[in-house]
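Structure provided below as structure tokens; questions to follow.
So that you can tell them apart, the chains are marked A, B, C and D in the order they are listed, and the count of residues begins at 1 in each.
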Amino acid sequence: MTTSPLLDATGVAKNYGAVAALRNASLSVLPGEVHALMGANGAGKSTLVKILTGAISANAGRILIRGEARDIRSPAAARRAGLLPVYQEPSLIPDLDVLSNLRLTGTPVEPFRAWVRELGIPDLDIRETARDIPLAVLRVLDLARALAVEPDVLLLDEMTAALPANLAEKVLEVVRRQGDSGRAVIFISHRFVEISALCDRATVLRDGETVGVVDIVPGVEEKIVELMLGTRIVKTHVAARSAAQKAAPAPARPRLAVRNLRVGTKLNDVSFDLADGEVAGAVALEGQGQDELFAALAGSIRPSGGAIEVDGQPVKFSHPIDAIRAGLAYVPGDRAEALAMQRSVRENIALPFSAALRNWGPIAMRQERAKVVSAIERLQIDTRAQGEVQRLSGGNQQKVTIARWIAADTRTLLCFDPTRGIDVGTKQEIYKLLREVAGHGKSVLFYTSELEEVQRVCDRVIVIFGGRVVDIFPVEEADEPTLMRAAYGLPRGAKADIGILADPHSSPETSNSPNSPGATP
Amino acid sequence: MSTTAIQPVPFGRRLKRFMADRPLIPLIILLVILVVILQILRPGIVNERWIANTIKFAIPLAILAGCQTMTMLTGGIDLSVGTVATMSAFIMATQVVNQDPAVAFLLAMMPAVLIGLVNGIGVGVFRVHPLIMTLGTSLIGTGCLQVYQRTVIASGAKIPDVLAWLGTGLTYGVPNALLLFVPLAALIVFTLSRTGFGRLLYAVGDNERATRLSGVQYWQVITALYVISSVLAGITGLLYIGLIKAPSLSLAEPLVLPSVAAAVIGGTSIFGGRGGYTGTIIGALILTVLTTLLTILQMPEGARRILFGLIVLFVTAAYLRIVEER
Amino acid sequence: MSYFLRRQGWVFGLFVLFVALFIVTRLIQPAYGSGDFGSLVRAVLPYAFAVAAQTVVVIAGGIDLSVAAMMALTSVTAASMMAGASEEYALFVVPFVLAIGLVLGAVNGMLIVVTRVPDIVVTLATLFVLQGAALLVLDAPGGAGAEWLKALISGTVPVPGLPDGIDAWLPKALLLLIVCVCIIWIPLRRSRLGLSIYAIGSSELAAFRSGVPVARTRIIAYALSGLFAAFGGLALTMSTGIGAPIPGPYLLASVAAVVLGGVALGGGKGGLLGPIVAVFVLRLVRTDLTLLAIDPNVTAIIEGAIMVAVVMFGAFITMRGRQS
Amino acid sequence: AGKYTIGISNTVQGNGWREEMVCAMKAQALASGEVAKLNIAHRNTDAAGQLEDIRNLISAKVDAIVVNPADPAGIKAGLEEATKAGIVVVAVDQAVTEPSAYIISNNQEQYAYLGAKWLFGQMGGKGEVFYMRGAAGASADSDRDKGFKKALAEFPDVKVAQEVFTGWQQDQAKQQMLSFLATGTPINGIWTSGIDNVIVDALVESQAPLVPIVGADNAGFVGQLSSVKGLVGAAVTNPGSIGGAGVTLALQILDGKKPAQQTVLVEPQLWENATDEGKAKLKAAADPSLSPEWPVSISIPDWTTYTKDQIVACKGPGE
């Protein structure tokens, strides 16, 4: 490499009290490259991004920008130095409309609009208040806002984690072009397919330390995994599906039966069954009604029509407690929605125990402890910072949201994208766990935005498009291209190239296919 | 694995961390410092009688601050406690003239329960901001009390002996009020740390949506909370009337802002989810001692208020500095 | 139009309520006329400034318990400086007092930023400090206001070319309120600073990450609050002609009117118009109750009930809105 | 059967003295038979709030306004507007600066002077006095301070051990007393601005020596002066019934009987329990049936015509 790095950070360290989030991290990014930053949950990726962009200050370390030492003390300073982040959490001001958000950051409006369109959202109303915009779109807006000021270094922290495949593709495409135009991108993702489709090099963090920088070439995944996880090497294909496959003499009465369910205008007609001992995958693009489906099953919103039956009995939920009583527990994809961040891991896991009025009395501490500890062990939650959940890394927080219902021994889990932002190792554990849960005769409804997961955990696939179930088929037929086509509402068997994810070697142009999504029907 | 335990930690940091893990210790130290200053300013003041007196006056404040602590844990605040305490005190003192004390007691607690219920429903069901809700009910309560006062002008008032004994009496130099307070405080501390209800208070204050998804019915928790808070305030009123022995229509109002201050000084977060009652009790003691300290300083009223404000600010800031060091 | 209604629906509703109340007033007291309206505006003036002071910090995600004490301090300062001094001297006193408000407000903000103590506690402490300072300036109500200052809010604005009948409905006090508030608020609202104030109220973290200087913005918000409170203090001196060191009921009233005016106590939402219309509504309610000679103790009940009911109603329609 | 509507403006609510004042106004309005309706603006507020109330009363077209001013100068503008609108204005309890208004008031300066002078005499003309004032900033308090200082000047050997503002709050005063006792500072007398019975309670409860105390003629304190053993003290009259007198004055003016002067002062009396004569007066005045916060002088000869039942019932015309 003859070019000098655009950004060069060495020896970066950051302590939170006794927890060392970063110990000795280094990162060097060349002009024109898309540089992956990888690491297991809690490795310190987000922390490094925050330090580089002035959102927090480091305890030690040296940061050079174009060879000059810079002391970046605030996001505004980072912006002046040409560093623009898209953080793991959306950063628009919730109560301001999009336009005001742009004015606030001094972002030019027209380029922003152009980028938004390019990123697959053709009809954005910039007068809309950020609070009313769905999460996935917010993420895209964050990115468009960063792109509009043409930064030298763009830092994307799990940009694609909350995105449906269609939007994710657009993002990848745009990011790749950034690299082509001589700028640099630091790209954080837990999805290898994205990394290999996009990145030139990867820096791997483990426990707050940079443990290696590798070039992305075919077959490098195994090496990265090894670096990320240290000596621990996991088999990437451990799906315990085979066991459940055999034990599936469909029972006469399904555990959960959904009939012609309707919610507002978003969910029009959904019917399916969920049997005991089964993991059913739900697949949909962003905004096809899956949020409403899960919310209705969880008792968060009231359906406007149709019926839900549990164990053959018709049920009406007016509050999540009703669903929980019927044995349905909802694990939201957004952990901030599920966790009391200032409370301990234990209290978070034990929360459902105290929910009902009759359990408001004294707590049986020992019993509770046993249940909580066993759940923590089953999910291998890193409890170094268990005093407050907010001090855990994102992935570990995610595990706590599931552990709660494992401890409560719930019969049916409604998991909404539970592996969002989770490292490969943990993902394997969660897959295993879900299979195990099903193996014990329980059932899982599993929505995922990562299509490859479907094959690993599910027995059946339910495809939702435009608020309707468009297809239900066994997992054997569910390879990624098939799923993708189904998710776009195309009939099974039709052939069309869809997106760079379907074929990593296709050129970006092909993905501008006529049935480009984005608008909800 | 990644704890920084290898290199020796300087003593100052260790001390800080030690105190940060035990937030009560700096508070107690602060209390002691105040008492020492008092003793230096007026040698001999700190004696048994003074201590008993301080405790007597700190107890009503501490109970009201308990109401604030619990409501603040859920991200709320209860500004109606002053009115509720005043109402129950006034009703007790006027009803006991013609009624059996037990009946008078029930009558006195009725508005407390009612206001608590209204607060709870307003905040829990209609989602009115607690500040506004409790302010509103406190205005309504005050108005009702004044209308009520008209009807009892003729009958006069009387302080039941039990209350006077409880409020002012000493047994072997120990205030009788402790007989009420110690079990009450123990109950609050236990409730907060070891019961499902206590857990829910913290959790609801931290993230209400999360508790909802876990099956918690917000309105139940909030309604129960505000009723409990109001009942505690009512009990405080009875205790306080025993101490002051002069029913007035604004008896406990001056305790409201200090009760908020006591809870905050004691380390309870006004934004919810964090805090506890033991700190609050010490906070109440600190404020009471501070008041005495300022009474003793011979300076104009204005200067005294300035000093009070500055000290409250300083204490809270110093305490936060110590505890929030991470 | 629907955009306007969605944004300003609450304010519009309040305005309708005000007009309805005004009609009720005319029904109760057919002789209620322009002079009485002038009285209403003069009563509104200090409340309006207090609520403006509160609104700015509430939008910025804070709360200012020291508003009333600040008004007392600025009022006694003005009154004691003007007492026995020449009329021209007051020309110097007015900006001086406003500067005091601005600086002390900024001090509030700085204390919050530096000590990291919650705003409600810091301003509770400064409430005591400012009260004490007011008592040091004047230990009893006293002092005097310059005559031209007092004249600023009495009488009506003679607009040339306007018939007297309409002119009579334009009290000077109303003009003063509009001018003072607009000069500060409208440019602010349109500026980046104004956006920043909304931003830190809406989400401090997001604002910081968007490059907003959070600390500076917060200090400015409190400084503005101090400035409005100083206007309020001057308004008190204008209407009473004295300064009183014991703060009036403006703290609770300001918080109540802020909420009635559609400003969310969490911050980030609302504007200044709503709270000021709310103040008009609350004052007119009091007038009506006096006109009806309602038992004074019942007025407290009614005021409390209105506050609770209106806010509950607001909560109810938001809930309905969310369901549909 | 009456023909007048009278507006009343008062700015302290829920305290014994002011309640008695308002009840006296109601009772007198009823007893006079000339008043059709009272319009009472009675709440806790400041001068600005009182201005608002007065202007609302003007809007309500009352015939007369009886006002206990929050501040003498602060409501001048409102009173001026009232007179201009043809409304009779009478200020009670405290003076106002508006020249067109009539004033009927307790002599606050004299009130303090009488009590302090008696107290210093009891102390033998020397020693330390604990000076418990009213609310900082209230004008009645500063008038009383003048009287107190005047007496103090006459007794050069009397020193103020400590000066506190009770805010006219019973609980606050009691706490201040207890704190002060705990300091062990020797005192020879206590002057209170009318918060008296709780001070006696505090002394008794803490078994402190009973030094001479001056208070007001509140029912509780008057009772204590006869019943508490070893208590030497004096009550200075400060009738809340001055409100009734204000109504009478307003009615006289409305009926065309203007008084010679704009200002009528009611002179306070002092009842002490150091002499037999004083004891007799106290005994005659004592009224345990009243609320301890109510002054016992519930009527003013020549000025009020209601009965005790009427003032205690606290009902105005039409109620």
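Here is the rule we use: a residue touches a chain if its C-beta (ideal position, glycine included) is under 8 Å from a C-beta of that chain, and two chains touch if they have at least 3 such contacts.
Model, not experiment: these values are computed from the prediction.
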Count the C-beta contact pairs for A-B and for B-C, then tell me which is higher.
B-C
I'd like the Å distance between the centres of subunit A and subunit B, where a centre is the mean of that chain's Cα atoms.
44
State, to the nearest whole Å, the distance from the C-alpha centre of subunit B to the C-alpha centre of subunit C.
31
Quick check: how many Å separate the C-alpha centres of subunit A and subunit D?
73
Dist(centroid_CA(subunit A), centroid_CA(subunit C)) in Å evaluates to 46
Residue numbers of subunit B (touch at least two other chains):
142, 146, 150, 301-302
Do you know which subunit D residues sit against two or more other chains?
13, 136
Kindly provide every pair of chains that touch.
A-B, A-C, B-C, B-D, C-D
Along subunit D, where are the residues that touch subunit B in the complex?
13-16, 19, 23, 136, 162, 164-165, 169-172, 174-176, 178-180, 182-184, 197-198, 201, 205-206, 220, 289-293, 312-314
Where on subunit A is subunit B touching in the complex?
15-20, 23, 207-208, 298, 300, 319-321, 324-325, 330, 332, 336-343, 347, 350-357, 359-363, 365, 384, 404
In the complex, subunit D residues that touch subunit C:
13, 37-49, 51-53, 55-61, 70-71, 73-77, 135-139, 141-142
Given the complex, residues on subunit C that touch subunit B span 111, 115-118, 120-122, 124-136, 139, 245, 252, 255-256, 259, 265, 295, 297-305, 307-308, 311-312, 315-316, 319
Residues on subunit A engaged by subunit C in the complex (per definition of touch):
55, 74-76, 79, 85, 87, 89-96, 100-101, 103-106, 127
